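For reference, chains read A, B and C in written order, and residue numbers begin at 1 within each chain.
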């Protein structure tokens, strides 16, 4: 065991932890974006709310979720430790700052990461915490005719405040009562300052992943001449373009929709 | 005193094997009781230190640089010869031996040279085992090339940095022994004297270049692997720090200095641009395989070129003198280094030099580019062209390179016998620091071979014999000789620090270089040498009156370091002039204008000068005494070199 | 760019520090009538000659071969190790890369593991200790197989050679925002890890050399690539990835033990 401890205490070991947690978080982003695209389905939040409910009530997902939170904490903590060590490695700094030709992202991973961490705190505090640990989120009742697929929606107020969700049948009608995260999202995204925070965070995410994704492969040591271009492509187009754009589209679209209401 | 080279008796091919058998061995249990000092960590020093430590001796190694890897062996470009005959082109140990003796203009010992050729094959094996990345072919086996006009392909190479790769191999072996605790390494430490106890070398005095501390180190034997003395010419292809101090101080303690006037001038260097120039850069000899050397046919054209009145490309074909091709139709541009160098000098002396200073000739790739295409030329010489462009800001693809010879290597050095021992028992000299294997001229790609041969495959045997003879009794560091030598060094350093004149040490060095280059360079005459003798004496007197040395001893003091080195170079310069004067023949790198054939080629006088000139120091400002070691040739017939 | 006389006048801001124990500061010097054909070090030689004539202490800087191979020269010039040009060392930098009237700031390599010994010279012995920890193939002199008994594919030999071109100058550490020695260490490890001769000790070597690198107090790698951009021999980041892979393979899946760390 002590040898493994030693491994992860080495400079390379710490970087491996950064890489693995970073990649895990990156993969999560794909899932997260995929799920959240449900925000764009025009069904009064039914799919989105069902999806949110599923995520919070299916035990294996719960485990992964906690792994995810742990990854965020570890990724940030090790970043801090590494940064402190790196500062110690150069106690006297240069009078003339570096003029070496290197990318903006790679030089500012700490800054970008700090923005993202701050964002995650806001983001989770506003949705995840409110959804899971408070009664501030309202409920919706969806009645779906299983034969025709027609669905009606009404607000719902449970008798007990710790009501989570229910699904019952009334003949051919499926009655689903769930927390209405969708409404919460829509109301948050109608605030301009909130949208701005999201957009800034997604720009930071883009730059963070532009370097971070391919850098993680580098740290792990996967640099085969033939495969490196593939992950560089994915890192650039999927993680630094599509994913941040997809996420940023949500508050922007909701904001403009709120203006039309 | 009769110099005994201790060449073993018997047929040439059996000498070394028989000798190895006859050498005494040190009992394995006793090896750790011996201490050996190795000064210098180039190819010879690093390989010797590592090999001796592997055998079990305690080694203390010294270098003046901040890391052993920076020794100037690192800068060798071309390659290393070995009689592997991997090419099936007729190479053999005997052929490498013969080529080396002939290339050295019959002024090297047969026995030593044969041994060098013999162990050359082991060197390649050793280096490959250490992980030296020699050039390879697609089949995975080692590549070879022909080098320096050799008729066979026996040169192993690692792109243009064979020296660095070989040194890194030896350095890695040294590092392993440092890690094992068998070598104690002192960096940024300069040797300033040898401690001689009852006629035997028993230690050295060093100066710590960081703190100025002057310390003594005791050992059963001292190995000087301190390189050559090309920097006596101020401008050379050597590193700025390369110096003769260790060898010279040993000389002043009694070690004979052999053939000091044998210096090698390399023909293809980038010419001097101005007085600010601190060193010269060599470009690989391989350039002459495709480049054509020329100078303007007339002084008028040359002058117009120098003034920029006409452009190089406008010089008509009939106004170009491809002088090497003209004079040596069979070898053309590939004549040996000394011949090519001397001819370039003749052009410049004739007023037909080119470039701003007029001290250069052209090396032209126009025809090669036409014949092979720019891509092919780039593939072959791209890195050299880039280097030239970087330094001169002239594009060699568009206009011819300007080249001029520069001092590159010194064949002379401390006199050693077959065992690499100087005439002081316990004091050895390896690599370029000794004189032994190259005669009056060294073949291309043979310097690396000799350094590693000495360190890996000769000294581990011959040193054992000496150590077994003297026994493992610890060296008494309390012997008064240690304290006395240290005091001498301290006094010398104090004398240097007291110099508070008005001329910098570098200025003296530059002046010495001018004198040496002018009168003891590519062509030497009795008249010039006598003049140089006076000039050097005057320079020496002036140095000790008017030089400036700033700072103190107890700190990093580059000014003090340089002063000590320049003072030694001045004394060495005087000896080189004496040696050149006494050798009234032309041989190899030593060209006496009084001794040439009707066609202006070097003319040897074997009946009079087939000897090694070993000089003995007789005291400050006393003439040195010449001892002659006769060279005996039992296997090769002495002939006049001809490249017509 | 020179002036009408074909020479240049420059202002130098040079870091002066007597030794490791004393604090340093910038001192401004004038370098006048500098030829564009001078190398950067020759320009400093000229300044030093005038300092010596004035009985002042010359500026100390490490240098030796002056042809870009010994790796001794080491100046941080206007924010870049070895100055503004790619793939050269300071000694190969010529004054024509600067303009008449320019101010040039010259600093030593900055890293905890490279303490200043005087002015612009630093102690880079940490690099030697990293190599002593395992940067070799353990063969004794003699008794090795014939050189051609070990065929090595050309592509591997060439790749190993690319790593082997490292001149140990420390520009990678100087350039890295974390003062990391990963490019240097990985180049040394990779050269031997690629070659068949290096296989028997491959996994021991990577562990002991990385342990020594960490013990010397270098920072870690962010894969920024400043080292690669500033390396005079253009050694690539791929070396670092290769080292990482070997290190993790060794630590997580192999049985080899580690050497103790040398705190010398």
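By definition in this document, a residue touches a chain if its C-beta (ideal position, glycine included) is under 8 Å from a C-beta of that chain, and two chains touch if they have at least 3 such contacts.
Just so it is clear, the structure is predicted and the values come from calculations on it, not from any experiment.
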Most centrally placed chain, judged by C-alpha centres: C
Most distant chain from chain C, judged by the mean position of its C-alpha atoms: A
Distance from the mean Cα position of chain C to that of chain B, given in whole angstrom: 27
Mean-CA-position distance for chain C and chain A (Å): 41
Approximate Å spacing (C-alpha centroids) for the pair chain A, chain B: 67
Sequence positions of chain B contacting 2 or more other chains: none
Junction residues of chain A - those touching two or more other chains: none
Touching residues on chain A, where the partner in the complex is chain C: 3-4, 6-7, 10-16, 82, 85-86, 88-103, 106-107, 109, 211, 214-215, 217-223
Residues on chain C engaged by chain B in the complex (per definition of touch): 18-19, 35-39, 41-43, 45-46, 49, 52-53, 55-58, 60, 62-67, 69-72, 88, 92, 94, 96, 117-118, 121, 123-125, 127-128, 131-142, 144-148, 150-154, 157-158, 160-161, 164-165, 167-168, 191-192, 195, 197-198, 262
Residue ranges of chain C in contact with chain A within the complex: 13, 15, 26, 76, 78-81, 84, 105, 107, 110-113, 175, 177-180, 210-211, 213-214, 217-226, 229-230, 237-238, 240-248, 251-252, 258
Partner chain C, residues of chain B touching it in the complex: 47, 50-51, 54, 65-70, 72, 74-75, 84, 86, 122, 124-131, 133-142, 158-159, 161, 163-165, 168, 171-173, 175-176, 178-179, 185, 187, 210, 237, 239-241, 273-274, 276-279, 281-282, 390-393, 456-457, 460, 500, 502, 504, 506-507, 548, 550-551, 555-556, 558-559
